[in-house]
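Okay, so chain A shows up in both of these, paired with chain B first and chain C after.
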Partner chain A sequence: MSLKGIGTPADQARLARRKRIGQIYRIVTGIPVVLAVLLIATLVFDVTTDTVSWHVVEPDNEGVNLSFQEGFRWFGTWEHVVTQELEARGEDPAATLGDAEERRKFGLRNRVELLWSLNGQPMRWVVSNSRDDRVASYGWFEGNRMHDELLAGLEGGEQLRLNPWLDAAFFTKNASRTPLMAGLINALVGTVWVILLVILISVPIGVGSAVYLEEYAPNNWMTRFIEVNIRNLAGVPSIVYGILGLYAFVRLMNIGPVVLSASMTLALLILPVVVIASREAIKAVPPSLRQASYGLGATRWQTTSRVVLPNAVSGIVTGVILAVARAIGETAPLLMVGAAAFIPRIPDGPFATYTVIPIQIYSWVGENDPEFANVASAGIVVLLVILVALYAVAFYLRRRFERSW
Partner chain B sequence: MASQAVPKDHVTVRTDPIPAGEAVVTLENLSLWYGDFQALHDVSLTVPKNQVTALIGASGCGKSTLLRCVNRMNDLVPSVRVEGQLSYEGVNLYDGAVDPVEVRRRVGMVFQKPNPFPKSVYENVAFGPRLHGYAGDMDALVEKSLKGAALWDEVQDKLKQSGLGLSGGQQQRLCIARAMATDPDVILMDEPTSALDPIATDRIEELIHEIKKDYTVIIVTHNMQQAGRVSDRTAFMHLGVLIEEGPTEQIFTNPQHEMTERYISGRFG
Partner chain C sequence: MTQNAKTLARAAGLHKSGTRNVGERVIGIVLFLAASVSIVTTAAVILALSAETISFFADPAVSIVEFLTAREWTPLFPESQRYFGISPLVIGTLMVTFVALIVGLPLGLGSAIYLSEFANPQTRRSVMSVLEVLAGIPTVVLGYFALFFVTPILRDIVPGLNLFNPLSAGLVMGFMILPTISSISVDSMQAVPRALREAAYGLGASKHEVVAKVVVPAALSGIVASFILAMSRAIGETMIVTLAAGQKPTFTFDLRETIATMTSFIVQAAKGDQPAGSLASQSLYAVGATLFLMTFALNLVSQQIVQRFGERYE
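Right after this comes the complex of A and B.
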């Protein structure tokens, strides 16, 4: 064929047309990507801005700290109790708490902290206003818009401050009825315990099953039947696993509504994903490497442990981490197996009662006080950061193992 | 053409048969099936010690299958069935009491495509000895094996680097060193140079020449010149039947069977 006729006007027209069509395809396929990015950006923006609000505060560093003796019994309102106690000590309640008007304000603004002794009984009450007293609260956007107005309206020693809900104290406080007192510690520790056990349970079983199915199982109808079912199990709604967990672990095995039941339920939930991901990773190990190993006189197990698994490990780790990320976000099955909305103590082992971050967020969202929306947002940000960190770990491990192997 | 029928009762044409005393590996009426498909038909062949035996024949005639019988690699294919005898220094390898893993230790194998492990050069060579719990001086063994494969000079400074970083020819010699490290008596090579350039091929051929004083080599090759250059004896196969075998000179200059002659002269295959 000769090159005559190339670059003619007809050719150029055809080329221009093809470029136009290409452009259209590029736009059409690009739109979903742009939409997805916008959506994620909006979500992150919305949630993070909700973790900050403007507070009008009245700095008050004196505070009132009252400790009650052991054997003290609660009755009436806290104001009544404090008044009684001060009177019993021979102090003047009005001097400490102010007049009736101020007392009302004090009642609105101050926090009552409940400290627990080890057996869960209240040992002493601390009434404190050591934190700055909050007079009013505005959302981030609202506060920004009304900034000048709010500044102008400040009385006495009042100040306008930006309050970060996601501060260090958020990680040291437990859940509370008062938004400013609410923290994530118990749910965070609960999540760590649950996930730790999920990994300990699901990785050996899942990777073991994958190795068996890929390297050992005979290729017969039984194996194929199991394979198909594993794929189907991966699509079962998580609430169903919750019911199974409730029945099998909490009741039948009588483990109770504790961390271990939750871990076993979630392990069951992610097992199919772990098995499938591990099998894919094992399948991707070149057969020539297995041949080389067998050819040198390796047994099947030696080949599996020294050649196949080390080469599959980056894929397995990635699959496990993606599955664990799913487990961390699960709420429904844990509601079934007894995660509590509030637990008084930090979970300290497999048999502790527990709650987890998504359930804590869920219960905050259901609270009346609008400021719990801010607390919930802070919790969501923590959850997102954990997930992103997990993905980063997956990425790092992948790179690492790929390099050395 | 390649599917030209061979009488099933074909009697292998043999020139200068090897006396039983010089044999390392002896196949007697070996037949092999993949499921229902018979890939080897009553193959009988004697492989002499410290010589290079080449298997030639058209693609799909069963050369690799025959080679893999010698170290029982075919056992890894689930549907395989073997009949007949294959003895190695007088022991029938297909006897029920024989452990295929032990067989593969003593009969090393080099594959068509270089397949070093994605590990360091050193670890590649040490892989086999480690498997078998080698207790001696590993550094010395690695050095000896790499020298045996004529690779030491090129990699002595790169022992800690990945075997995958070597050139194709070096990788294949690494695989040969790896096979040597388990101290086998026989080394099987399945078209070891088909993925290599001519210079790398030359070096492997030279190497085969050198190692035959210590090892018995069986090599499958597609390349007739290569068979002529490296082998002492040649066996020609067609559709699972061993047509003719004898000294390489004889096969190439004066083939006895008409099919061998046509294959050698390039008229089919």
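Right after this comes the complex of A and C.
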């Protein structure tokens, strides 16, 4: 619709001005959205590029550089690479690989890793000793910019390596004082144990609370008290749950700094989220379904378990997944209930000492050696990939089962 | 009773209605117990915090007056150098929160207005998902980002900026609270009835005038509530400040200094593994109690605002 030719020139000027202001509103309010997207993109970009760095190293042994095809076999790669290395050193591979203790020692002292570039050549697997002399380290961008310069400046025995910190070795090694030898296995298993128990504890209690409040609770002060209480718990800072866990579970109940304490603490932390999400899902089931069920003579529990819950399950599952995603990323409360930065053994049950991925990231960020920042970023990428997968499932479920009655 | 009616009765389970009632009652009790876990949790939080805090203040070395007025906080030091004035921690917390709010409020409100009033449904949906993802980024990751990405850039711009500082932590935290502000504000703006907007359009208002003079004022209680809730989030946030703002309690208002917040002190004290019952360990609970009271008060105020000033449209 054109407004040209309507009204006096003054009116037209005013109209034009209002239109301009409208445009400005639209742009100004759109900026934060752009900034938020930009922040996420920058963060992901920064973290990902931090997982790669260039090293000038002076290996104290020759190492073996395998060709791409030779080294890049999924099955038995580790054995394959180690065998080649030992043969090159003139040792008997069977003596090391056949004996469990020798094998473990070799694993602790050496890192079998895929390097993307060695003196300018493409991908290679190498066995690198953890005590290689690092002459210099450069970030991904810096190293790329100075690549030719660095290559030309190599002295005898030195190698230029592009090290992807996030490689297979990262998933098979425990935390370590040497950045090159540090890995995530214990934290990864720890996270699985902790989260498994969190789900086992929080889902029955959370869904039970929601069912009670939506289907069973009489309308009295007690019910209102529980509702207000859950809303308030949702606003309690996570570190306070950590203090509760430290006081109640670790010390008072004397469970100690183990997986179970962590799981109970995190379960309480996400409980309000699970309850609120489950209530929303249950509320969305139309009353007519319940009435139909009662009309057929079903009891309250029969109605709840066979009509209400099956129709609310996708919403409940979505809520639980998002709550679990939150629990996976929580650091502060677990610092309180005794997650250790380093544990010697892989956690193997509810009463094992443990560490989890975010705690491991936190302790790597705090290390002095700047190369631990690379290790931390590798940990962050793993954590983010797990979370993205969970969010994708949750968003998919939400869209797939979204229905209007 | 005819054969037919009997079958019907059996199908409905009426023939054993006695056992059914008992079963029903047991299920009801079990569900009630599940719901009461939240009450037990609250009670346990209050008990844990108050029990240790009372023993903290009962110690002759500590006085409430010192706690509230002294300007030094060194409970982890040897006995002769110990001071128990919480103000450095509270000021540190408020500085980070202040920066976070300066960043987060305009961004949160702006994005809420855009999402509620300007974006088409498709855009709104995807941007809401983006904000949900932003809210889901673990804070330890944001702390890493603040320390290794934001701080180096800021140090090129701000002269005299320490490696650990509340500025960088607050900036990143501003983005952390953006989704909180945005989602609650969007909800309250969407609750403004169509009739109000249509009336304003009918009077000749343009879109931005409707937004500024009708929608935002009508949704103000929800918007303010979201601000207060965001403030409470910022005060209780731990990992960003622990990693990027430092762990050195300093009585200062300088955003470039290394500071400590209440939360970062709690982490520091817990990591040091203080023996249970020691004054150092109890100081952790005293700070925790202060933190809990502050966030609890803010959450209550936020709920009150929604209840008291929230307009009901039907």
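Definition applied: the second predicted complex is superposed on the first by the 284 of 405 C-alpha atoms of A that agree within 3 Å, B and C clash if a C-alpha of one lies under 4 Å from a C-alpha of the other, contacts with A are read in each partner's own complex, and residues count from 1 in each chain.
What we mean here is this: contacts are C-beta pairs under 8 Å (C-beta built on N, C-alpha and C of every residue); 3 or more make two chains touch, one makes a residue touch a chain.
Here the structure is a predicted model, which is why all the values come from computation and not from measurement.
**Student:** Check the residue A:386 against both partner chains and state whether it touches chain B (first), chain C (second), both, or neither.
**Tutor:** neither
**Student:** What is the contact status of A:218 with respect to chain B (first) and chain C (second): first, second, both, or neither?
**Tutor:** In the superposition, A:218 touches chain B alone.
**Student:** More residues of chain A are touched by which partner: chain B or chain C?
**Tutor:** C
**Student:** Quick check on the superposed pair: does A:352 touch chain B, chain C, both, or neither? Answer first, second, both or neither.
**Tutor:** neither
**Student:** Touching A:289 in the superposition: chain B (first), chain C (second), both, neither?
**Tutor:** The first partner, chain B, only.
**Student:** Looking at the overlay, what does A:181 touch: chain B (first), chain C (second), both, or neither?
**Tutor:** Neither: A:181 stays clear of chain B and chain C.
**Student:** Looking at the overlay, what does A:242 touch: chain B (first), chain C (second), both, or neither?
**Tutor:** Touch status of A:242: second partner only.
**Student:** With both complexes overlaid on chain A, does A:299 touch chain B (first), chain C (second), both or neither?
**Tutor:** Both chain B and chain C are touched by A:299.
**Student:** Tell me which partner A:307 touches in the superposition: chain B (first), chain C (second), both or neither.
**Tutor:** After superposing on A, A:307 lies in contact with chain B but is clear of chain C.
**Student:** Just which bits of chain A does chain B share with chain C as contact spots?
**Tutor:** Common to the two interfaces on chain A: residues 296-299, 302.
**Student:** Which bits of chain A are touching chain B when the two form their complex?
**Tutor:** Those residues of chain A that touch chain B are 218-219, 286, 288-289, 291-299, 302, 306-307, 311, 405.
**Student:** Which bits of chain C are touching chain A when the two form their complex?
**Tutor:** It comes out as residues 12-14, 20, 23-24, 27-28, 30-39, 41-42, 44-45, 48-49, 51-52, 106-108, 110-111, 113-115, 117-118, 127, 129-134, 136-145, 147-149, 175, 178, 182, 206-209, 211-212, 229, 232-233, 235-239, 242-243, 263, 266-267, 270-271, 276, 284-285, 288, 291-292, 295-296, 299-300, 303.
**Student:** Would you pull the chain A residues touching chain C in the complex into a rising list?
**Tutor:** Residues of chain A touching chain C: 18-19, 21-22, 24-26, 28-33, 35-37, 39-40, 42-43, 46-47, 50, 204-206, 208-209, 211-213, 216-217, 225-226, 229-233, 235-244, 246-248, 251, 268, 271-272, 275, 296-302, 322, 325-326, 328-332, 335-336, 358, 361-362, 365-366, 373, 376-377, 380, 383-384, 387-388, 391, 395.
**Student:** Within their complex, state which residues of chain B touch chain A.
**Tutor:** Its residues touching chain A are 71, 73, 76, 78, 101-105, 108-109, 111, 113, 115-119, 127-128, 131-132, 175, 178-179, 182.
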